[in-house]
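Some structures are shown below for you to check.
Paired with chain B in one complex and with chain C in the other, chain A is shared by the two complexes that follow.
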Partner chain A sequence: MNREEIISTTKRFLSEEFEVEESTILPKNNLQKTLDLDSLDYVDLVVVIEENLGFKPTADDFKSIDSFDDFYTLVEKRLA
Partner chain B sequence: MLIEKENITRFIPQRDPFVMIDNLIAADEKGFESTFEVNSENLFLENDVLSESALVENIAQTCAAGFGYVNSLKGEGEGQLGFIGAVSRLTVDSLPLNGANISTKIEILNTFDNIHLIQGSAYSNEEKLIECQMKIVIA
Partner chain C sequence: MERRVVITGIGLYSCIGNGKEEVLDSLRTGKSGIIYDEPRKEFGYRSCLTGMVEDPNLKPFLSRRERIGMHQPAMYAYMSTKEALEQAKLDVDFLNANETGIIFGNDSTAGAVINTVDKVRERKDTTLIGSGDIFQNMNCTVNMSLSTIYKLKGINITLSAACASGSHSIGMGYLLIKQGLQDRVVCGGAQEINKYAMASFDGLGTFSPREDQPASASRPFDAGRDGLVPSGGAATLIVESLESAEKRGAPILGELIGYGFSSNGEHISNPNFDGQFRSLSMALKQAGINADVVDYVNAHATSTPVGDSMEAQAIHSVLGGKVPVSSTKSMTGHECWMAGASEVAYSLLMMENNFIAPNINFETPDEDSAKINIVPEMREQNIDCFLSNSFGFGGTNSSLIVKKFVK
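For the complex of A and B:
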């Protein structure tokens, strides 16, 4: 999956799971604020990532994620 | 039988009259099973019918006992404090009567850090009473 495919795939399932408009999911936007995640929501995020991308991110993975760009980079690395 | 009624409060923080689980009969990394008999002294009985909130508590306490038991096997102590972070996808099919025997099954769907997403179901005479998902936070 290349970066463009990662962006379109993750936009689809993140907007559906967290009920936000796809148009708000922009590379430079903050992931936590855009998806309105509290600490409990991270387990839902892990579930949809595992279901849709086939890998399970760790708590450490999220420490380095600020923007969606960071998230796409993580996905690229984990799927490589 | 992994934990009998006499010892269950070693693994859960609740005390009578709020204990809604008798025995832990199975527990591993994938899930837990418990049993509970509804008796006439149960606080959550109204007109001989147990309330759904007692069943939700039964699912949560099965989780507490299960996580406590599994962690005790790892040498991480007993009775870790656990909190219900969220309840979702709750469906109530029927409510048990005084004297009913309840069998509760927990499947651990996912774990992130100290938060567990579980699917819980409670049955009486193999009839499903309630099911829900919960986020259990272990302190």
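For the complex of A and C:
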């Protein structure tokens, strides 16, 4: 999966799961604020990533994620 | 000083109607809410009859976070509570600023628990269950959900007392308000409808096998009764001090004047006469009225051979043979944890509209039911005071008395 495919795939399932408009999911936007994630929501983020991409991010993975760009980089790395 | 306690709002999410208007029409016309639910047969049920309500779409009303922790009883209870609060003229801003409690009856969340366990069995990883299931797996999630959605700041507990849960919830709210500990309590009962919830109950051979006649299967007090029909949904009543209701200009639908309760202290599932007799007698004593003041009894009668006979004997002994009696379970089936609350709400609709809902399917009395005055067809009649019975497994009994409000 190249970066463009990662962006389109994750945009679809993140907007569906967290009920936000796809148009708000932009590379430079903050992931936590855009998806309005509280501590419980990170559990659901792990679930949808596993269901859609086949891997489970760790708590340490999330520490390095600020923007969606950071998130896409993590996905690229884990799928490589 | 003891305070007067009134009811200022009711809400119903029932198999005989979504909301008060639909329910009122069904009560008047004797419409049954019982269906044959085919998936139960493949699952292994002996009887596939059930009352049925749809899972409501709550997306227009609630956020994702508010919704994902809700099990079926909580979803139903949101619908009934929304309607009750609107009638009582209560909104989130008022509730946030004025202490209001919640005591809701619920005694299972089987469907949600099984769904969670299935997920773990399939994925073999608890971190893939998701964040909503922990709340869905808890019996008290009706309270957890409604108290956070509506910003309730008073008493906040679930009441589990089998098929008397809803009735005791009203009784407990009544006592707290009467003693001055709360001004308002959201009371009610919720009951899940899914094939997981009632399988073990069906396994006892308790349900009517009349699968070819769903509307005729629930026949309380009839000599030909052959078991109950499970059902569910939710009912909410806003119980409030008279002082608070008048100050707010809320509608007053009736006054709670008596709450009787008892425990059989005997068999875990068999009803007995003594426990029911004591519950009825205590309600009358607490209300400070004579038996002849009660002019309608909404019976617990579920359509089981032994239970209905015991209740007929208890009603006859305490209230005599003249008072009109009907069991709305003839139309709704047995709404279990919800029943004690819904049946007070059904009776309030009758009191407001001057009629007695029929005990449909009552065709032939037996030795005990012949001694009481069962109403088989809708009757236009003024009701000034009614009594509602609820009896549950474990021998938990509750009787509530409500009268028309007179200043």
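We adopt the following convention: the second predicted complex is superposed on the first by the 80 of 80 C-alpha atoms of A that agree within 3 Å, B and C clash if a C-alpha of one lies under 4 Å from a C-alpha of the other, contacts with A are read in each partner's own complex, and residues count from 1 in each chain.
The working rule: a contact is a pair of C-beta atoms (placed from the backbone, for glycine too) under 8 Å apart; a residue touches a chain by one contact, two chains touch by 3 or more.
None of the values given here were measured: they were computed from a predicted structure.
Aligning the shared chain A places chain B and chain C in steric conflict. Once the two complexes are overlaid on the shared chain, A:L40 sits against chain B and chain C alike.
In the superposition on chain A, A:A59 makes contact with chain B only, while chain C stays out of contact range. Touch criterion not met for A:D70: it reaches neither chain B nor chain C.
Legend: residue contacts after superposition of the two complexes on their common chain; A:F18 is shown touching chain C, with no touch to chain B. When both structures are laid over each other on chain A, chain B collides with chain C only at 133-141; the other stretches in 25-33, 133-141 or 259-267 stay clear. When the two complexes are laid over each other on chain A, chain A has residues 40, 43-44, 46-47, 50, 56 in contact with both chain B and chain C. Within the complex formed with chain C, the chain A residues making contact are 18-19, 38, 40-41, 43-44, 46-47, 50, 56. Within the complex formed with chain A, the chain C residues making contact are 63-65, 68, 125, 127-132.
Within the complex formed with chain A, the residues of chain B that make contact are 85-86, 109-113, 115-117, 135, 137.
Residues 39-40, 42-44, 46-47, 50, 56, 59 of chain A are the ones touching chain B in the complex.
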